[in-house]
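Same chain, two partners: subunit A is paired with subunit B first, then with subunit C.
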Partner chain A sequence: MSSQAIARARRRADFAQVLREPVVVITILAIFAMLALFIIYPIYAVFRLSLTQDGGFSTAVYQDLFSRVRYVRSITNSILLGTVVATLATIVGFVFAFAIYRGGIRFRGFFQTMAILPIISPPFMFALSVILLFGRNGLITARLLGLDTSGIYGLPGLVLVQTINLFPIAYLTLSGILQGIDPDVETCAMNLGASRFTVFRTITLPLAKPGILAAWLVVFVSSMTDFGNPIMIGGSFDVLSVQAYLEFTGMGNLPRGAALAVLLLIPTVMVYFLQKYIMGRGSYATITGKSSKRGKPNSSPALRALLTVFCLGITVIVVLFYGTIIVGSFVRLWGVDWSFTLRHFNYSWDVGLSTLRNTIFLALIATPITALMGTAIAFLVMRKRFPGRNAMSLLAMLSYAIPGTAIGIGYVLAFNVAPFRWSGTAFILVTAYVFRHVPIAVESGIAALKQISPEIEESSTNLGASSARTFQNVTLPLIKPAFFAGATFSFVRSMTAISAIIFLVSARWNHVTVLILAQTEIMRLGVASVMSFILILIIMAVIGIMMKLTGLKRDQVFSSGQ
Partner chain B sequence: MEQQTIDRSAAAEFAADPKDSRKPDYLVLKDIVKDFVDGSGGIVRAVNSVSLSVSKGEFVTLLGPSGCGKTTTLRMIAGFESPNGGTIHLDGKDITQVPPFQRNMPMVFQSYALFPHLTIFDNIAYGLKLRGVSREEMRHDVAVASQMVNLVGLEKRYPGELSGGQQQRVALARALVLKPDIILFDEPLSNLDAKLRIQTRTEIKRVQQLLGITALYVTHDQSEALSLSDQIVIMNKGEIVQQGPPEEIYNEPKTPFVSDFIGNANFLDGEVVDVQNDKVTISVDRAKFVLPASRCPRDIASGEAVLLSVKPEAIRVTGSAGAGAELTGKIDVSAFVGPITEYKIVFGDGIITALQPNRPGKTHVHRSGEEVALEFEMESLRAYRA
Partner chain C sequence: MKKAMMLGLVALMSATVLFAGGRQEAGQRITAYTTLDEELARNVFAAFTRETGIQVDWVRLSTGEAVARIEAERANPQASIWYGGVGLGHIEAKNKGLTTPYNSPAATMPEQFRDPDGYWSGIYAGPLAFASNNNVMERLGIDAPDSWEALLDPRLRNQVQMANPGSSGTSYNVLATMVQVHGEEGGFEYMERLDRNITQYTRSGSAPGRNVAIGEVGVAIGYAHDIVRLIAEGYPMTMTVPEGTGFEVAAVSLIANGPEDQQEAARKLFDWALGETAAKLYAEQFVVPFVDVPLAPGAVPIREVNVIDQDDEWAAQERARLVDKWNDTIGASARTE
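For the complex of A and B:
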């Protein structure tokens, strides 16, 4: 028998086992049906519209796009922005991770918090801070320096904001990698006569290289797909995500909006899978969380001082950004009248309360569905052999790489028409949350399952439990921490979502982030600050409550935010 | 005195119906084949045409070196792997395609595979719950099972709060509580320290006998296999090389592999110098040995090269090498290990192992470098074709 024949025989036998359990079969089919309907079909709709003209296949939309400087520039701008931000954020993230896990700086706990805090902020919150600090009426630009400038709008502002917003992603990836490197290896190198710098250059850096590359790529994708920051302070610096939105909703040029979304989608999906490939193949260090031993810090006192100053500098910026929002919530008119007031709160209460309630309500509905579905997918992919297993994991992860803009446009195109006509309903918003965030739950589920010996589940089967019973009685309780961490983070993401949601909200079901954006656009910065402030408070409260209730550690919650 | 941890009165409750004990062909494997495809696309034949018949109530051990396919065979019996060919019958029924959770063959895993999130009670009760047993019955059965393996008082703890030996007994109780007809063990003792291992294996044997359960036991420890089994099945490279009761396997190994694996035999290169009726003369170096033909390969002829196997305990190291000694060697390493002394002796071109019993007051331990005279017990010699 050839190896193909054996592999085929094995697949057939495994599949026969799966077929004997109707619950498993039904779950697999249901998941595939949903992934097809809510991920493939909308994306297909985007492609189809962008490639149609007068009812037939045509590349005219793209030809038209590429002939106009404005759109070509938005492509190059997006790539430029992504490259610059990915590079800076990876450097900042690496320095933080190195300082904390290898550099032996003091106040590690504090810096750890600071390095992950920006992850839970709404994506445009720092943009709002930057407008308050460096805008035309900015505290620093106008008041302290006496400048009348809007120079922060555009590339410089975006780079600043996105770097602060996204470096935690790089930090989380790299701290996992650095913790995974056995400190004994470094000690050994030093023992063999290498200087500190040589150890760093010949051991630490090469071992971390795949992680650095992967971190760069993830940040690149996140920067390209970001919508909230560029729409607020992009100014005349056009990027794809914003252009797609403006064409689609503002100009009503649906095909052109779709085409721009496609142009955004292709590189991000490619880069995302490149990153998966690199992490899957090239990492020598296993990323299994905490290392048992803490190695001797590889740094001299001078270097430690330098690292501390650097981390402190970034921390000051983060704190300044948060502080600005808080102060902005309480002053009458930023830049003009600094007197204390609560009127923004009153106004927000009147305008935003029902939206806030709806936002929380929908996020609360979507969260358990997301977590359960993600865990079920992780279980099936890790523990069951069936045809299409790889396709399922690929599809489930795909929605992570697809820009929210493309999903939003896709949902409008796919579900605003017969037979669905779901536009403006709560259902479409919940669906968008679930399928946007299911990869978070899948990832944390897979990571948890890797830690659990399959023998424990086999022993349950051996004692007479079907797969469904085993999942319910053994698997789910064992991966509970991952389940709740995934749930917490998908809740956070649902609360801070904007890029897809902005296409789907209605007067009845609005989202608080969309409201904040609207307030910023009409320069009600005080109200926007209040709403951002409250949003952050709610998110922190929810994370705190989750940690209390489930005994999760902070790192467990945040590691699913990568 | 050895601590008695099996409660006989408790065990009596779970005992199987004795009337059909020793029913032949209870579990039958026929021409089982299992192939795996490894990472690089190559084929690994883990199990090759294994046929095996186990009587009811029998203790059968699969013994063989690492990677010989023992676990794979056991997992096919439990239903975790499907064979590429062959059938498995239990009590006359073909179970080859029955899913694992319907087989009722509890397995004791090497890692114990206890459910870390459940108490000891819930671990043991797990299978009963799935079978819809009533609460009172469950409580009763779990109590009996815990008593049987001496876990009373630990029911409320979690697996992480038990010692390795206790965890092992939970795994055993969890299987026994189902009153199974057949129970599978995959190296259940390999995570215990040496002393506990010997104690626990005695307990396993005792329970198995008391309850009349059929046991299939995988190990690569020959002393475990010898002491536990009614039948030993020796496997090598996915195939069965010999099977039979322990004494037979030990005393009449069919191949040098079995001889080596089960008895750690020494092998000497020899040559047949004479064949007469039922006597074969073999020369090794200067020495000559006369063996009955029954312990030589069939149709062996003069001039053929053979391997002569000698068990370490069948070599006597008799004082200093005097003039008349036929066989002499030089002590390379001598290791005193209590009841015996183990010698590595330079003999001819190689090194052989000899085990000498120590008796108080009468023991002389030879030092390394000493020249010694050797005597082989002729009854233990066997010849194989080289």
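For the complex of A and C:
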């Protein structure tokens, strides 16, 4: 038999094995059906609308778009913003990771916390802080410097806010990479006489390169798809996500909104897969013998001081941003009347309580579903052989790369007509949360399963346990931490979601982030601050409770935030 | 265990379906889209619920957003009534077949303020005016602008704010007024010259007024009642009404094919919106309703203002075209400073 024939025979045997387990077959089919309905179909609806005119296929909408300066500029603006932010955030993330894992700076625990804290903030919260600090009435610009400037609205403000918001993603990717580089290699080089800089340039940096590129690409996508920050402080710097939203919901030009969403979707999906490819291709781990894993920090005292100052500087900004929101909650009228008040809390209580309750309620429903589904997909993909296995993991991960704006528009288009009349219901919000965040759970599930040798499970089966029993007694306990970490993080994401959700909220089911945006829009900044503050408190409380209950470490929770 | 997990998953999914579909509760409940100011909307719906026992679920949307939302939901309308919002938005909704006629017995306002076919009824009217921050004016050493021409003063560079005519009914009203006064070419020329003084086009029509109140900008174009309210709240600002200004007729419409079980309650709310109790609440927020109720100090009745002979039918029909043109010319020139 040729090797191909053997492979084919094996595949057939594997498949026959799967077919013997009806539960597995049903699960596979159900997952495929759901992925098709809640990811493929809505995206198809967006494409269809953007390519239809007078009932027939047409590229007229796109031709019209590209003939108008405003839209062409929003494309170039999005790319410009993504490029600048990705570069800055990757640098900041790298310096943080290097300082903590290689630089030997002090207070590492503290800096680790500061480097991941921004990840749990709603995506527009820092924009609000920046308005309070650097706006026309900003504490720093107007009060301390006496400037009269609206300069923070637009590219500069967006770069500042997104860099702080997104550098933790780069940090998490890069700290993983740096930890994977065996310090012995560096130590050896130094023993052979290389200077610290030579070691960094010829060893550390080349080994980290795929990680740096991957981090850059992930941040690029996150910046392009960000909606909360640009709508708040974008000013007249138009970007695609905001343009698509305004066309779709503000101007009532649905085909144009859909086309803009497609234009946003194509580069993000491409870049996402490019990043997957880069991370998957090169093995950037170093192959060595037994390592002491305790290298000396590759830094001189001067460098350590420099790194500490840098990290401290970023930390000050992060703390300042959070502090501003807290202070803003208690100030009567920012920039005009600085007296202490609780009236924003009263107002928020009146306006926002039921919305907040609904937001938490829906996030709590979505979270276990997301985690269960993600774990199920991870398990099937890693442990079962069946046709379409790769397609399943691809589909499940796809919604990571699809901008929320496109998903939101897709859900409006797809699920407002028979047979799927779900608009205005809680159901549509829950499905949006689940399918937006299922990649988080899949990813952490896969990561956990990768570390568990299938042989452990095989031994259990060989000893006579059924497949189900093996899963229950062996696999499940081993992946439990990943399950809860994925669940915790998808809860955070559900609470802070806005880009897709803003299309789907209704009179009955509003979302607290949409409410905060509305308050900012009408310049009730005190109320917006209170609501952001409370949202952050709830998220921290939930993370704290989850860590207590499940014994998860902070790093485990946040590593699913990449 | 895997079975249990799958069962749990299916159960949870179906529970959400059930719970999403099964919200027909005993008490009457209607869904409304409103373009009233958030605070006014809260007062109005709370009073309506107190009086009738009918619960109102509502979202606040700008005029443009409301029309877009109702259009997007055309196949499966979620709300039964659109309450508030610039009249020409209501005309546009009517033209697109999104609303349904209702001859309310309470529609007793002058004919020019309601639809001849009964699609929409006006609830109050208010002129476009300017809000100027006193401190900023003092710093710049100029008087608050009191005419459309004065708004072009180069000393007001980067000091004027209005909303984006695409998303804000208020701001489209400004554009339509200028086109009606100066003709299309002249109107756009004016908007272009005005553009030099504009800092930013906001999404919502009431944002510029608030920005003036707190000194983020010097001058805003908005509706008189929004400005009067801010002045009454104690902000250091002045209102001026230019000669020959546009005005809004805030209106209410029933949404076509709204949820079946809400129809009766929606008509009740429609009648109530035109009645005295509601009018008093509007008046508290400094607007001038068509029903004769005591006005708040400072409120500006439309009859005391020199308004243009405004053609809302025309303005509604031309909206998409004029907004596109505005976007292509003025909206396209970036100011990112």
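Convention: the second predicted complex is superposed on the first by the 544 of 562 C-alpha atoms of A that agree within 3 Å, B and C clash if a C-alpha of one lies under 4 Å from a C-alpha of the other, contacts with A are read in each partner's own complex, and residues count from 1 in each chain.
As a working rule, a contact is a pair of C-beta atoms (placed from the backbone, for glycine too) under 8 Å apart; a residue touches a chain by one contact, two chains touch by 3 or more.
Computed from a prediction, not measured in an experiment: that's the story for all the values here.
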| item | value |
| --- | --- |
| Touching partner for A:L478 - first (subunit B), second (subunit C), both, neither | first |
| First (subunit B), second (subunit C), both or neither touched by A:T461 | first |
| Partner with the higher number of touched subunit A residues, subunit C or subunit B | C |
| Subunit B versus subunit C as contact partner of A:R332, first or second or both or neither | neither |
| Partner chain(s) touched by A:L254 [first = subunit B, second = subunit C, both, neither] | second |
| Shared subunit A contacts, counted only where both subunit B and subunit C touch the same residue | 469 |
| Subunit B residues within the subunit A interface of the complex | 35-37, 41-43, 78, 80, 82, 84, 97, 99-107, 109, 111, 113-117, 126-127, 130-131, 174-175, 178 |
| Subunit A-facing residues of subunit C, complex | 1-3, 5-6, 8-10, 12-13, 16-17, 19-21, 23, 31-33, 38, 42, 57-60, 62, 64-65, 67-69, 71-73, 75-76, 78-79, 158, 164, 166-167, 199-204, 206-207, 210-211, 213-217, 235, 320, 323, 327-328, 331-332, 334-337 |
| Residues on subunit A engaged by subunit B in the complex (per definition of touch) | 1-3, 6-7, 9-10, 13-14, 16-17, 20-21, 453, 455-456, 458-466, 469, 473-474, 477-478, 480 |
| Interface residues, subunit A side, partner subunit C - complex | 23-24, 26-27, 30, 68-70, 73, 135-137, 150-151, 153-155, 231, 235-238, 246, 248-254, 333-336, 350-351, 365, 368-369, 372-373, 376, 412, 416-418, 421-428, 430, 468-469, 471-472, 476, 505-508, 510, 518, 521-524 |
